[in-house]
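Look at the two complexes coming up: subunit A is in both, with subunit B in one and subunit C in the other.
On to the complex of A and B.
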């Protein structure tokens, strides 16, 4: 203002009107300060309608930050898991180095038994990681897991159980639930005995199938048969007053108890169901080969086919059941081809032929 | 052979030392100090324990003899991994030079706005003036420290596979205030949040960072644009083919060098760590003051 007033006399003779020089603009008279600038955000003061209370925390305007450091990748679970796996690998590697198990020379690596992992499928991992598991991501994860599995193999073989258990706890989170089934594929299913000691097996031949339940015959606890008193021979020497010479050795006749077992086929005894003796022989062949005739009770349900097929199916079922009860018979039965499912089936009839192989009479012209 | 020593005496010396003669002098049964027997296998757990203890004996012997030998050890020698695992707290011109931070791109590709930060050209590439880089790096470190001290969230973006560990470790140094993006930045992370994170996350959490550090800004132009739209300050390593004005605090340096990224990322994250520590100290002091002001319990 002073500047304006003092400069007035310096202006040329034509004087401007007073209101033009000393016009008070709002912005010059009183500078504008936005109301928001005057607000104190940290101490907002009492709100309208508030009761006079004690110490109150200033109203939180700030929302809490995200927890995961990978939040801005939009796939926090996946990236966090990758980081955790990489850290675990680093720690395990350090531990194995301390235990002098890394780096492992070639001969030691060759002595490691195999440890085949079975990881979850891509779809299962998609649910775990809350993000679509593309092939690249899946391969990345399984590569890290396989590395951990290798370290697990080393630790377990060397007897470092704590380290191996620690690795197991990580790796088991990513293992498929169907691991046992997958690893056992192609192998014969192990038959387990139920709570009563019965085995359940299935035998097949041609179009027949035999479901066989077997249980060992219960042996009653009997005291060993006393040596059957041999009738004292008429001692001729005694009769004639001569001292008995050397007594003859008493021959102990041990009575072998022959156990009888029951074989029921479709609720009928074996001999009733298979009227042809050859079929009966065939069905009980496993007992004879193993030498346990009469030691097992058998209950079988046989369906399909004819007598030969059914008796062969029963044979296979009994053989498998015997192997379940006595695993030492596996090799013997395999060599005798008793547990083998005979793949021969009735061959189909072909067009242009009378039967499967029989050709019509060849005519020259 | 016998004539030669007379004509060329130096050959006699070398002939005496030749390996063939040495080998012929040694007896046929050679003593080997390391078994190359591959037929030996470790069958039982006891075999493995024996194997471990033999190795441990050797290791113990070395450890016992170490004080009598050289004073150089793992901690005192240089390793390439140190630039990632133990970066310096402050950069120097020489460390920037050693990391190759002064190499720019081809001078034909030089951005005209980069000229103030260029030292010159040589061998067809622009050389970046480290006398400008260093103070700008320190300024950026101050910004990171101040934001961390104020409790802000700092996001490190490095989307190449070689600088992914840099941003991961940098975010770890800042604890709960550090975040990282090591793979592709998904467009819309800041501008399309409800689609990406869901309504309840956006309503309950603070989903916009307070500072973004870009180690390869040219590949993350989308991220820079989103930060500008959401008013997030940015720090970035600017190479000679990039306009420095795209980020708020440019650091003119080589963006293709892993070591330069490790150095710069390390310096910034250590500054952030200091800021976090200062904040914690401040909060502790404030809470202690509160406790002393208030009456005690009961």
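On to the complex of A and C.
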């Protein structure tokens, strides 16, 4: 800026008006040089505390070159990353072309399995790139990343695991930590059994909720000693090559060990908690539909609402628990509407009406 | 159309043969092997059930069923063994109260014990509804001699019933000492049935209480036949009665003759030389709940935290000494439940496509509780 001003002064006087030549605020004819510029860094003067004087060797300082060419830019990290991504894209494109995977015909591209990326948010990238990620910059970055993602899809489908892993290593740096949660949004949470084989599910109806823990009833297995003895006999016969006379087949009636389910609701047996038979039947309905009446023990904590709401919530909780133990029942229960949360709630009262729908008595006059 | 005009065979339900064919309830059938056996009560003319009556809920159930029957349970066999031991011993050692959750089968077990004893030749006194002794339904009059309120009508009915039920055994027993009454003296050597007839002939029923007491005294001294006193709704005897004295104060149960008599045999103040006392509690009637004194004596858990400062009647607590609790299991075993289900199936109570599923679902829903299994399960179901 000062350079500009001095150049004004150096121009021929005839060209400029008189007040421009000699300005009140103009300081000197000499250009202003900051004192720091006058310091000779290679040959500094004697240090203040230094009394000895004498010759000192001039300090040899070699300025190290910056790590990256974008060091002197205002956003070095950002530009570096852009360059890296573009390089990566270039390399991958080259590799895919070599493998004759690019250009991909339309039908092949359409048949690729989906690979939904979930990139970091603008704020997260701001921290990563050490610069404010405006929309333009964010879009630029995500465009490059999406391109890489496309190549990843192609590489993975084609079976180029090395290439795909390489792309993954780059892309994973920019993927959001909430990717799984985002992709699983709207889907039913998968219920996992704990170390004892118990499932924990929740059922709801109106304002009632039921927390249900289910565990399979332990089946005692008994091996009949008779079967073992018969097998041994057979082996002996075969060893000696003696032919056995055809024996009449006896139908053995197997003793089926019947187990029963125990259902505890708020630590009380089902018949003590629900006195109405209809409520009790609702609790066992999922078992009847699935055909597993004596197979599971249930412990539930129900809260809120009234008896019917609580029994319906318990029904849903038990149904979800059964699906957790036996995933093959999913479709059957969905069709029987057992796992469905009944969306019906108490309708609000409206102004001008006595209740939700009930109107006041109509008066002619 | 009048009922008599309905002559079509479809309307003749009472004469139609029942499809319910069961074994008989005999002492030989009560064994460990037979646990789960459905047994029919053969009710001859002098059966305790016909003469003494039944608790309300059991009466209703027997009306619905085509035949009165029950299932031999594990606890039945246990009770049978207890009674067999008690046959030769004093009733002091065998004063048992059947306890358990509501609907677990106490009254049924008591009935099975009564039937077993009757068929084994015991002398039986069965009181199916002890609440009728304390709810002011039977007349009472103050007796100067004993200084308590006597209940002559109930005494009269009890004597009548005891005679009908136990006539052969009472004919064989005789009065040991002469009895002096107001109008006559009954000499020693009279048969006990003749003694009872004296009371029954008296229209004023004044001497009934005395004769009942004498009868029981004779029965407690004799050793030929063991005696069973069975009381259902036993806890009503230990609650406040509905009776009022002339000053409108509540009369305590031990100031009424019949409850006092039963409580004395229960507490061991009087005892039979050979015999037993069996009681069964009932929690169907909130007017006569389980009192604190009985809970203490039988060591039954409290419904809410209890402290030593809660009111307990010392007089009533005296009559709870020495009572033993026999806990009836709250759940039916699968074998017993299966048997019970089959009784109702054969009696056409259910029209089900899949009896196995229905059975197991009702068992799970009722949690094995017998009353809930039958009444809220089998009889109240709306499912196929």
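One rule holds for everything that comes next: the second predicted complex is superposed on the first by the 278 of 365 C-alpha atoms of A that agree within 3 Å, B and C clash if a C-alpha of one lies under 4 Å from a C-alpha of the other, contacts with A are read in each partner's own complex, and residues count from 1 in each chain.
Note that in this section a residue touches a chain if its C-beta (ideal position, glycine included) is under 8 Å from a C-beta of that chain, and two chains touch if they have at least 3 such contacts.
The model shown is predicted, which means the values in this text are computed figures rather than measured ones.
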Task: Clash or fit (per the criteria above) of subunit B with subunit C on subunit A - done: fit
- [ ] Have a look at where A:63 lands relative to subunit B and subunit C in the superposition and call it first, second, both or neither.
- [x] first
Open item on the list: On the A-aligned overlay, A:196 touches which partner chain: subunit B = first, subunit C = second, or both, or neither?
Closed with: neither
Task: subunit B versus subunit C as contact partner of A:32, first or second or both or neither - done: neither
TODO: Have a look at where A:158 lands relative to subunit B and subunit C in the superposition and call it first, second, both or neither.
DONE: first
TODO: Quick one: classify A:294 as touching subunit B (first), subunit C (second), both or neither.
DONE: second
Open item on the list: One more residue to check, A:362. First (subunit B), second (subunit C), both or neither?
Closed with: neither
- [ ] Classify the contacts of A:106 with the two partner chains as first (subunit B alone), second (subunit C alone), both, or neither.
- [x] first
- [ ] After the superposition, pull out the minimum Cα separation from subunit B to subunit C in whole angstrom, please.
- [x] 46
- [ ] Take the contacts of subunit A with subunit B and those with subunit C, and give the residues found in both.
- [x] none
TODO: Quick one: which bits of subunit B touch subunit A in the complex? Just the residue numbers, please.
DONE: 37-43, 45, 47-49, 51-52, 55-56, 59, 153, 155, 168, 171-172, 176-183, 185-186, 189, 196-197, 201, 204-207, 209
Task: Residue ranges of subunit A touching subunit C (in the complex, touch as defined) - done: 258, 260-263, 269-272, 275, 277-278, 280-281, 283-284, 287-288, 291, 293-294
Open item on the list: Residue numbers of subunit C touching subunit A in their complex, please.
Closed with: 334, 357, 360-361, 363-369, 372, 376-377, 380-383
Open item on the list: With touch defined as at the start, can you tell me which subunit A residues reach subunit B in the complex?
Closed with: 62-67, 69-74, 79, 83, 99-101, 106-108, 110-111, 157-159
